[in-house]
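As written, the chain order gives the labels A, B, C, D and E, with residue 1 at the start of each chain.
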């Protein structure tokens, strides 16, 4: 029942918010997400004490074909739910510094999205999982489309169709599994216990992988991403990069690895090579990006490339590292995009070049921004390092040369991040009459919380290990 | 009244004849542009069916076929009525019954 | 390694050592506004506190016991768990003392030096953060913790080089430093992976333990040590990753003194000494280390001759000295290298601070061609600077003499190395005295305005100078050459650390006393001759270096640092930038996206083409239907 | 059986009402009557009886689909009151014909004899020819009506020829007897039977507008009055597929090997034609026509898999399609009237001026595109499951790829609503449209969550 | 044998008139040829002993439907060579298609064994009583439902043919 509540709270708020207006919507959204966060904290406690029993919920929708919503919880799910519900209040709060047109719809969609994301992470039946997976796409599409910037129609449509194409292939894979697995069930446990003949796992792997690779995105399935990140309103971009992208990496661990283990092994080398190529490729592109959000988008591709590479090593350290990094990247990228939003909002420019001098006017902002930049270049004692270390090590364990190649990310990451930081924040102000107000209370709060998370997890990531270790034990030999 | 016709051509001949008439009807539909002639060709097709049914019915000694023919006639009548009404309506608007003119809707 | 008794009572103080500067950093960052006047003092006092604690630990620990304590598990997966722990042994103790001691002095100096800067408080926050990371680096009980400090000091270096962030050239220098360091760090990281993979852990005890059971020259050890050495190259500015260090002089002078001369850049040496067992087991790497060290030493020294910026000269001298240290390490003389680290820390810090004082006096001018004759204006600075210069030139009895001599003695059996190193130290003596003469003697070449401005620095600046000068004189006596029949305290203190290496490497080529004396005399003679040459050039002839445009031929190459920066720019930076654009424009936009868009376009095109079939002509429709009908019939027929 | 008779009576009532001058009451009474008939129809659940010498057979299949057909007509008739407001003079005629269309549909659903099927098809079609051309002074309407008429009667001729051949070989019009014949003479079935079978299937495929027999649909949908388009695209398609399904599962059950390839061919063609050609459309009705064709393609998958008896999926998909399409029309009709255009551009700026309407239309479009959590997704899910289960691997894959393409054109409408500027003139939606809209969307959401009620009915 | 000759005669007439329907230039001739065709088909009915249908056929087709057509042709004044010619290509395609359909159908019906139908077994199937009995017992429902069809068609025709714009 607890898991149902996890869905119902945001859903209820989503509906309620639709009927409010302006400032009230904003406040209601904040209240809703905070309540959800509090509830998640409660769930976390319950989970630690009682395991997944209180979360088990099965709703049989139809008998033939067997449609089931099976909600449950394990360490990985809990981690992702925590991340989602932790970031949502921050994302909502981030919106307090600017006026949003039709705020009620905006926040209603956002809460709907939260519900869907929670659903994705606690679904233990592929059918329910798929429903939520798609459901998550609708609000974000509308958020990106209605409140988006330049070329929004074309860009968001491309995004939607691209991701949907992947999802439908995944659906095909799932249906095939359903039809030809002995039990005629899509339940995670059942599918895991009765893997389909390994002769078929190869192509089913690709069906599922297509969906995840597009969502993550792994090069070369990424071309929708930079433009979408750029066009979407920043809060949407935060949702996309902070949480939605994690759906892909989460699914690699949750669905791809256990369901088609042989296919996974068969294609491991391709997937891991693609991921690592993506890491370097995106990093190199990011170096010369002129648009701040696109730069961050490419950096995100690089980071998640490493995450997926870690997953594909199939090693304990890779999986553990990817989980840590998923959480860390979620926090960091939200912070980065928030900073980008602040910059773009106040200077009116979205270019890396030609701003400068922010540091001089708004030192507090510059400081927090630097902290997040450092976390994203994986400086030790920030959360970014923990995961990156483990991931690189896991890649090393798979192949030495790949790890050298992947390791370039720590150099290239520094190159593009510091280039951007220098051009945008340091130096003399280059815009005429630049007014750059230092952080407002809500921004201070958001960045402060992100900063605390960065260091807390960087110094003491143990809670994540504790949470996820039992699951990983079952996933890897 | 029995055995009125004792010696009839093989039934396959009727089959071929109806098929031929049917094909002529189809050909007419394809060939002509005048709607009313197309309508007549369709009637021809229906009649070939009728003939076929009657022959089947007669050879199998099964009245059902003839009853069906009756229904076909009924429907044909209704169809013609509606068709002609539509035709008249079109003619009023366009002054023509050329079906090639009726190609405003396309794409 | 035998197990030591854990001196539990020292854990608290040891933890406090790094935490005090961290506290300072936090205080100054968040309450900088409120602490405008007292902040720097608080920061300095906290570092002093660390120093005092270090002394306390030093005195109560001695070199007999180690403090090796795991605080908590940091990273773990499966059966592997990597702990966050501290280790205090003789080696870290030495570093602790140097870092906190010199750190404190430089804090103190900075109070005077940075007083008028608007980022006064921020500066101290950064300095404190640096001290924190540096202490972490030397106190960690595993390579992982060392890596934290390793990267952390890199960050601080970045922050401090780019301290005056409105100047984009400085920012570039800062970025360059960070990225160069990162390149090294990648090596370090990969080295750690190998260790973790093959040696089963990252803490020193495990790594060194399992390494000592391996045979000498095992490829894996060579690989590990080479990779770690790449890290050291980055951090300690060795060829080919040295170019950041001269640029790093963009930072405030105390920073140059603390980070880019005394402490951070020696981290590479610390690391190698720390893992001396590994290196001893990998003779090939040692060879490489030695040659890189020699090459760097000579190369940087040559470049140093033609530099005119007072800090640049010192920077190249630092690179050169670091090369010397690596050469020592490469020769297996770990303690000698470490000894030079310590003495170098003193005299190089002294020199930098002196240079800072000069710059302070000159109102920011750094070009030696515009100085001269400062001796009478800033007497104290000049005297201490002279001490530093003598020390670095290796004149008896200054600190540099002893440590340098030890290294040369160690190199003696390797004649070519010995010759090259001797040449390098000769050149060192030459350009240092060139610097000294150009700055302090003959006549003042600056503007009138600058002349009026000349004044001695406040006590906060001169006191550290004086203290460091004392050490520059005295520190050498910690390691008396055996010929003097005095205990070599330094070697004795570090003995436990390098014990195992000694046995691995076997008895080092010990030079007998007469040779030793001969070596000393040769070295001194070379140094003095250099000084004389410098004197002839710059005092007798009163020649001043020509302006940049006039430089020609080889000299032009030298003064332009052999165009190495330009080379890197051409060969690495530009291609990467071009590659970035190619990836973005050609691969991303053109190839991949084209593929995506083309498939979309194809679909649309097919749709538009199919539309033509829908002509609106009923006859045609029926025609197609009949044809299709026939197809169906035929399908049925054939089946 | 009662259903059919009462519905016919309801149709006659409309005529009488005209004479009695009860024009104002016609629509309410018919709606009420249909509602009652809907209830009566459900009472026949599990009746499983044949009537009139096995002319009709009422079984759960017929009850369920009749229910769907009646429900569809009910919704359309609710809207007809407002739609024909300006043509009060014809209201009784139109209402009667609409009811007679339903009568034809009901015959097609419960037939046990090919005579009934034929009469049903003809009743439905003839009434529809009239309705498609009922805007007498609109050339497009004329053209639509006449095109539909010509091609429809042409297809009817084939249907009859096929029936005749089947009758000739099996000696009966009763579908169960024919099935018996095929079952008994396995391997010895006359080629005439197969030819007849192909012709009958062809005629039915024509009715459901499967490619390459779809040509009439876009033109007729575009030209016909919007309400009739709505009716055609929903009722006719559902009923046509149900009848085809019944033919395939009863009459041609034992010859499914022969039908398989034909249906496969048609299914792929329909999927591709429907989805690809919809991409380039500007006219909303035409777009929905192609969308209807593409949905026919998905339903063709079910026809292919019909030997597995996926009746529940058929019903569910049909219902989902009806709900989404009618919802779209309930919004489109008032918008068309307000804007005076039937192009997609009529929706420009709707998101600004009528946010609720726009949201509703978005839901309808997402439902048609088959995106969760709307009913359209579940329908597709079932279809893919069924067809994969039946072993049609590549066809299913094509269907999946086509549904990706499908998203694009449904989103055209959404993009028009939210992404393009329009005028500020608000669109007012009368109560009846709102009622239909609310009903359809609520039901589609509800069934999206609880499909069990429908899907596992059989 | 006589019946064979009669059959061939009738068949020839049927096919010829049918072809004439298709190829006549003027609609009015087409109508006439069609009526002739219907009569020949009625002849077949008689041969097949379906007297009732033969009569109904004449009445409905020749008497009602064709008169209606003729009436329309006259009303709309279509009795002239108004039809623009289709291109030769189209014509050829049409003819070929028609021919091919015939061939395909024949091919599909090849080797047809209608063994059971060598000769009519009972010959009174087409008599009025038989058909009438069938119609009003077994086929009662369809018969009744034709009324619905007719009413629909009737209303439809009325609606479509009304001249005034609004009531």
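One rule holds in what follows: a residue touches a chain if its C-beta (ideal position, glycine included) is under 8 Å from a C-beta of that chain, and two chains touch if they have at least 3 such contacts.
In this text the structure is predicted, and so the values were computed from the model without any measurement.
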- Fewest touch steps from chain C to chain E? 1
- Per the touch definition, the chains contacting both chain C and chain D are A, B, E
- Query: What chains, if any, are shared contacts of chain B and chain C?
  - Reply: D, E
- Interface with the most contact pairs, given as the two chains involved: B-E
- Please name the chain that ends up farthest from chain E once chain centres are defined by their CA atoms averaged. C
- Message: Quick check on this structure: which chain has its C-alpha centroid closest to the centroid of all protein C-alpha atoms?
- Response: A
- Message: Based only on mean CA positions, could you tell me how far chain A sits from chain E in angstrom?
- Response: 71
- Item | Computed distance of Cα centres, chain E from chain B, in Å | 4
- Message: Please tell me the distance, in whole Å, between the geometric centres of chain D and chain E computed from their C-alpha atoms.
- Response: 31
- dist(centroid_CA(chain A), centroid_CA(chain D)) in Å evaluates to 42
- Per-residue multi-chain contacts in chain D, two or more chains: 115, 119, 122, 126, 129-130, 133, 136-137, 145, 147, 150, 154, 168, 192, 194-195, 198, 218-219, 280
- Residue list for chain B, restricted to those that touch at least two other chains: 15, 22, 25-26, 29-30, 33, 39, 56, 60, 62, 64, 67, 71, 75, 78-79, 82, 85-87, 89, 99-100, 102-107
- Note on the structure: Expected list for chain E, residues touching two or more other chains, is 86, 93-94, 97, 101, 105, 108-109, 112, 114, 138-139, 142, 146, 149, 152-153, 156-157, 160
- Chain pairs that touch, all of them, please. A-C, A-D, B-C, B-D, B-E, C-D, C-E, D-E
- Item | Partner chain E, residues of chain D touching it in the complex | 8, 11-12, 15, 51-53, 55-56, 87-90, 93-94, 96-97, 100-101, 103-104, 107, 113, 115-116, 119, 122-123, 126-127, 129-131, 133-134, 136-137, 145, 168-169, 190-192, 194-195, 198
- Message: Could you list, by residue number, the parts of chain B that touch chain E in their complex?
- Response: 1-17, 19-28, 30-34, 36-37, 39-41, 43-44, 47, 50-51, 54-64, 66-67, 69-71, 73-82, 84-89, 91-92, 96-98, 100
- Item | Residue ranges of chain C in contact with chain A within the complex | 29, 72-78, 80, 144, 147-148, 151-152, 155, 158, 162, 165-168, 171-172, 175, 178-179, 182-183, 185-186, 189-190, 193-194, 196-197, 576-577, 579-581, 583-584, 587-588, 592-593, 596, 600
- In the complex with chain C, residue positions of chain A that touch it: 158, 161-162, 219-220, 222-224, 281, 284-289, 316-317, 320-321, 357, 359-360, 367, 374, 379-381, 385-386, 389-390, 392-393, 396-397, 403-404, 407-408, 410-411, 414-415, 418-419, 422, 426-428, 459-462, 465, 469, 472, 476
- For the complex, which residues does chain E have touching chain D? 105, 108-114, 137-142, 145-146, 148-149, 151-153, 155-160, 162, 165-167
